[in-house]
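I've put the structures underneath this note.
Below, subunit A partners subunit B and then partners subunit C, in two separate complexes.
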Partner chain A sequence: MSHVNVTADLSERNVELGSIGGVARNACLAVGIIGLAVAFLLPVFGLADVTWDIFWRSWLQTWIFVLEISLGAFFFVIIQHLTRAGWSVAVRRPAEVIASNLNWLWIGFLPIVGLLVFGKASHLFPWSDMEALAAHAPEEAHLVAGKEAYLNTPFFLIRSAIYFVVWGVLATYFWRASIRQGTETGDRTTLKMQKISAPAAILFGLTISFAAFDWIMSLSPAWFSTMFGVYFFAGTATCGFSAIIITCILLQRNGRMVNLITNEHYQDMGKLLFGIGMVFWAYIGFSQYMLIWYANIPEETGWFLARQMGDWGWFSVWLLFGHFCIPFVFLISKHPKRNWRTLVFAALWMLFFGWFDVYWLVMPTIPHDLSTFATYDAAAEAYAHVGTGLLNPVNWLLLAGMLGIFTWFTIGRLRSHPLICTSDPWIDDSLHFENM
Partner chain B sequence: MSTVTANKTTPTDKNDRRKLYGLIAEFETPGQVVKAAEQVRDAGFKWWDCCTPFPVHGLDKAMGIRPTILPIAVFFAGLTGTIAAFVLQSFTNASDFSVWALVWVTGYPFMISGKPFLSVPAFIPVMFELTILFAALGTFSMMFGFNGLPRLHHPLFRSKRFRRVTDDRFFVVIEARDPRFFQSRTQAFLETLEPISIEAVED
Partner chain C sequence: MSSIPVDPHSGSRMTDNTENHPGAREPLVLNMDRFSQVTQQVCQVAEARRTPMAWYICFALSLGCLGVLGFCVLYLILTGVGVWGLNNPVMWAFDITNFVFWVGIGHAGTLISAILFLFRQKWRTGINRFAEAMTIFAVICAGLFPGIHVGRVWVVYWLFPLPNQMEMWPQFRSPLLWDVFAVGTYFTVSLLFWFTGMVPDLATLRDRAKGKIQQIAYGAFSLGWRGSNRHWHRYERAYLLLAALSTPLVLSVHSVVSFDFATSQLPGWHTTIFPPYFVAGAIFSGFAMVVTLAVPAREMFGLKNLITIRHLDNMNKIILVTGCMVGYAYSMEFFIAWYSGALYEKFAFLNRAFGQYWWAYFLMVGCNVITPQLFWFKAIRTSIPIMFVLSLLVNVGMWFERFVIIVSSLANDFLPSSWDVFVPTWVDIGTLLGSFGLFMVLFLLFCRFIPMIAIAEIKAIMPQADPHFDEHGSDDHEAQEETKGEVTS
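Up next is the complex of A and B:
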């Protein structure tokens, strides 16, 4: 039926990574280890003004970014099964592999657990040491005291463990089942994955929202936003979809998946990135902002005020334009989505701004004396000197370190199995998929 | 085997010789109509069309249809909505000059909960909505315009055979106004495409 005759080359040479990527993989490991080691040395010797407080905050920020990549890919996998999508079979395996990293990413959270257990996390999570909070910010302590039944160290750790178990088990399941599906005939595994995808979607929605509340929102425990979980979800879509696009393009640049992933797939992945990772993100971000801006209640506005003072003002403007306005105009037409050069540029851009977004969420701290200022202008002037610390090497070293190890794992898992599930019932649909 | 049906329709209107609208060739599968379309395209016809019961992938390319400019027009329709919403709100809420719009209207600076008169965040929901509204109405009306709709009757509806286009038949229609159209020669050409029937339709 298709008029464009694409010869689907499902030979091993085309669908297995083979020996390719070995050098890149080792380089990633080296960058990962060196990055983390050098980053660790900064606070030890007090270089570049890096204190342990800054180090752990930056650690948390970078780790959440890497986690977002996997969570976004995991979401991609779930919705493909949930909607019985045929088009995506050709690009699902890379997504499954990126998502499967969820079964070891919890290791990056262990240092934070250690800080909490040994009572050293009060600079990160003020609620973890109520006495210290009451000493230097009594008003905030009063507000946070009402949340103690939820925000306390044991319950926090239990919840975190639940998220890791849910993500680890489900992401590993979808990855392993898809590999099993590739070795058997019939649709037994396919149907089972579809069945599991529905409860998985519900669990994903719940865990990701609460994880956002726990790990990011509770950094400023007096502040709250019911929209926050959805905002974080949109951020995961940005990072995850970008990473899938970049992975697919890298595979094809290395002579794999030739004619299996086509411009049609790229256009659809571009649409997802555009629709969820960009427009939906902006929609949710603005919805969250506007309600707080309109109501103008000090309890709520402090969080945004901290992101408007000093250098953070320009940072926020960059976030708006870099994460939405500029890529919106760039990617709105179908042509940049169907050209791998422009699409990979957009995906790299969005991946960077996904990181930028997490930085904006995690790094600013709300000054405790905000309520003592008579006007906005007075507060803004008093804190006009606040810097973002964006250029501090610790951020970039940790980013290189964690991304390096993440990529090392990902390439390793891509090499261990075929890059496409060749016996999926919808493989033909996917290979001959056309948008128009 | 192609069976050629001569047009046997006797004009119902007295003494009114109808003009020929074109020739239609009937096919049984989407694959055949795509193949036929490629040949009609290569033969250089301009006024012709394919009619199918459902969208056939690859047909646009086989027919050599240029991509529509509708998306570009819709983008600017949306942009018009954004700007219109911003101008309207900033004029009505944040200015005090008068403008003649059939009658004289004056902006009324309106203080709401201590916000500045020109509060862009408050304007954004309306800007968003008008962007969608203008883009949607623009898409709808321009699609109608480009396609010459609404159109209550079409010569092809005279053909009994053509009715199956809504069910299980695929047609290539070459119109008589095409400069390359000559009834006998075009009919011979259509026969080489191996349709299951060819019919001449009058206007």
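Up next is the complex of A and C:
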């Protein structure tokens, strides 16, 4: 198993994207704009049964998915510096660029801010309009009223702003510093990035946990789970690591980074995707579900009931198999991780199920009359016909739209600087890296 | 690849290997040029004719504590669990606290041998052998407590699903039974891992043994190891497979332990973050115990150049990371207890912090969250006396964490009329003390008779083991060949 890299080609031709990708980049922008525009037209004209409620929920879901991609890549970057990793230098720049999108992704949240400020967000965040909540779900309103010190619009917006500032500043710093590192001699920047990575990791952990509470958990404001932040973290790893793998493979298929990124790197990135993005995710998801199912306390079970009634039941089973069982078997051997064709398939699969997972988190709503049913069977029967809305075009248009713009930005930033930091002190380690 | 930094002034090799030079990996074995020196240094501990006086003193103390354990357990069995301070509603206290504490200590070994191995952390080779040994001894201590707390200890085998004429089975839906499986599997795999990794080193001791008894004992346990190519190949495969098998076990054991509490409906026990939180806490306490033991052991047996300051520095960093994770879990529990709006949930946490066990709670937060923050400073991470004290504090804090979780939730449950206070009896305290005796007796015997450091593994991470190693530009190829040949000797 010795792929010893003897011809490390660090010439511009190999390490700069240059003009290629221009057509793809423009196409992404076109897809992005058209996707968003058409998606916007659906609720305007009431096409495909899309109401504004559905549109904004789908918007939030898609936006969180795209955010997860960047957050996962950001985590990847931090952890490389924190552990003084040598192997990953060859693949770090694409990760930095994907993470750097955190400095503009807040724009996607502005419509939600608008809804909240103008008091139109009660269908999304029921706590934002307590009167409406009290009118149709008095019991829930009673519970949620106790959380008003945390769940209120001004504080919610302040917290969101803090997350965006922390992520934007840190992700931009690591991206820019890495570029600076490529133009200077000495270890100053390397050591500084290493130093900043430790507090950055702590800020990352805290901000994504509370972001998950705010943007996803508070969609069902009566429900709570201490594990929720960790579950969201696992999801970011799934999406981020998949995106890094896909980007690296695309670069290589376009004749860049040849012999710089090797099967050894792919195997390691595959391991990370397998370990954190898949197995750890399943471990957290299982623990959360099992403990709530076993204790069977009504305050907690509603959230899962909403995800197992009607079509959501099959959706949840798909999530289990698609996000864990099937890819677990597929990726456990080293061979599919060392072959770009199988690895890119696995990464695309995982990226899709990362999106699927966010859909499962954001889209279902807990029926307000759940507590009025005498038995579970009665509730399940009453809600047997609840659909998931998965095939509604608005989901796919928004996904295409946001991913298109995301990719447009990413390609643009990849083109502006070399694809690898050639003067990183660990570059030799990375280029001669072997797993065995 | 890394090369050994040379002190520009004296020309001798530096002994401070805690500096970070980007692009170079600092040496993990200090002041050693030849593989045979490693063999000699590690083996001489087991081969020494005279045992250090300090060892005898420690052993006598530990044996005394073990005696206390024996007495307490005997008294318990002959009298009944009433000799403990348990009452209704506090039906679990020191027994299960000790169980969870010891299982937690047992986590560092597997983490070092499995996860750090998969992450290619070469520094693990200096500490893996005795961390794994520590794991096994800690799990033995842990296993004692569920066994003796059942009341009728003579039917303790009912814990296992054994076919019997009464058609009586354990409750498979109970996490307590899952625990039996989880801890049992963990112990078995850890033992196999530890032993498999030790076979080449036992063979080295066998080959060097002078006395008949040593030759037979080491010979039997080295399973006919000859160091042939084929042996090494099989060995490496087995090691990798065991590492892969152990990795999920690092997570599963303490997750299942946490299920004992979290599947219940008791406020303070039932919370979804318990599985990863218990795992982080276990690694935290496990590493603290490794530091507690490594500091005196490297001093007593002269292993400072194999367990270097950098090893300790790295372990202290892991203590800092896991300490932060534990702090995160404490805060999430507290925040969500408030956020949940559940009356009992809120009460359970306020009661923890300000109720009758407030002192235990603040001891726990102080030792587990505040103490490790000192490890942000390198001067503290590399100071032997300070790290020793801090590691002891972490051990204390982690014991109290389990005490707080178990006792404070039980003592003040839903009905104020049934509240009570748990006060430990001398038997409770004697059993806790005695379990340390059991642990230390086993550990000291291990230090004396078994290679404490993985000789073969540590040779593989020396720069001399690199096929491209150039001994400072020396063109004495024969000498190099000779050095390499010693890897397997």
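Convention: the second predicted complex is superposed on the first by the 432 of 436 C-alpha atoms of A that agree within 3 Å, B and C clash if a C-alpha of one lies under 4 Å from a C-alpha of the other, contacts with A are read in each partner's own complex, and residues count from 1 in each chain.
The criterion applied here is as follows: contacts are C-beta pairs under 8 Å (C-beta built on N, C-alpha and C of every residue); 3 or more make two chains touch, one makes a residue touch a chain.
All values reported here derive from a predicted model rather than from experimental measurement.
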{"item": "Superposition on subunit A - do subunit B and subunit C clash or fit", "value": "clash"}
{"item": "Comparison of subunit B and subunit C by subunit A residues contacted", "value": "C"}
{"item": "First, second, both or neither for A:294, with subunit B first and subunit C second", "value": "both"}
{"item": "Subunit B versus subunit C as contact partner of A:161, first or second or both or neither", "value": "neither"}
{"item": "Touched partner set for A:428, first subunit B, second subunit C, both or neither", "value": "second"}
{"item": "Partner chain in contact with A:225 - subunit B first, subunit C second, else both or neither", "value": "second"}
{"item": "Touching both subunit B and subunit C, residues of subunit A", "value": "290, 294"}
{"item": "Footprint of subunit C on subunit A - complex, ascending", "value": "84, 86, 143-144, 146-147, 150, 187, 190-191, 194, 198, 202, 205-206, 209, 213, 222, 224-230, 271, 279, 283-284, 287-288, 290-292, 294-295, 297, 299, 425-426, 428-429, 432"}
{"item": "Footprint of subunit A on subunit C - complex, ascending", "value": "1, 20-25, 118, 248, 251, 255, 259, 262-265, 270-276, 324, 328-329, 332-333, 336, 339-342, 376"}
{"item": "Subunit B residues within the subunit A interface of the complex", "value": "30-31, 34, 38, 56-62, 71, 75, 113-114, 121-122, 124-125"}
{"item": "Contacting residues of subunit A [partner subunit B, same complex]", "value": "1-4, 286, 289-290, 293-294, 296, 332-334, 434, 436"}
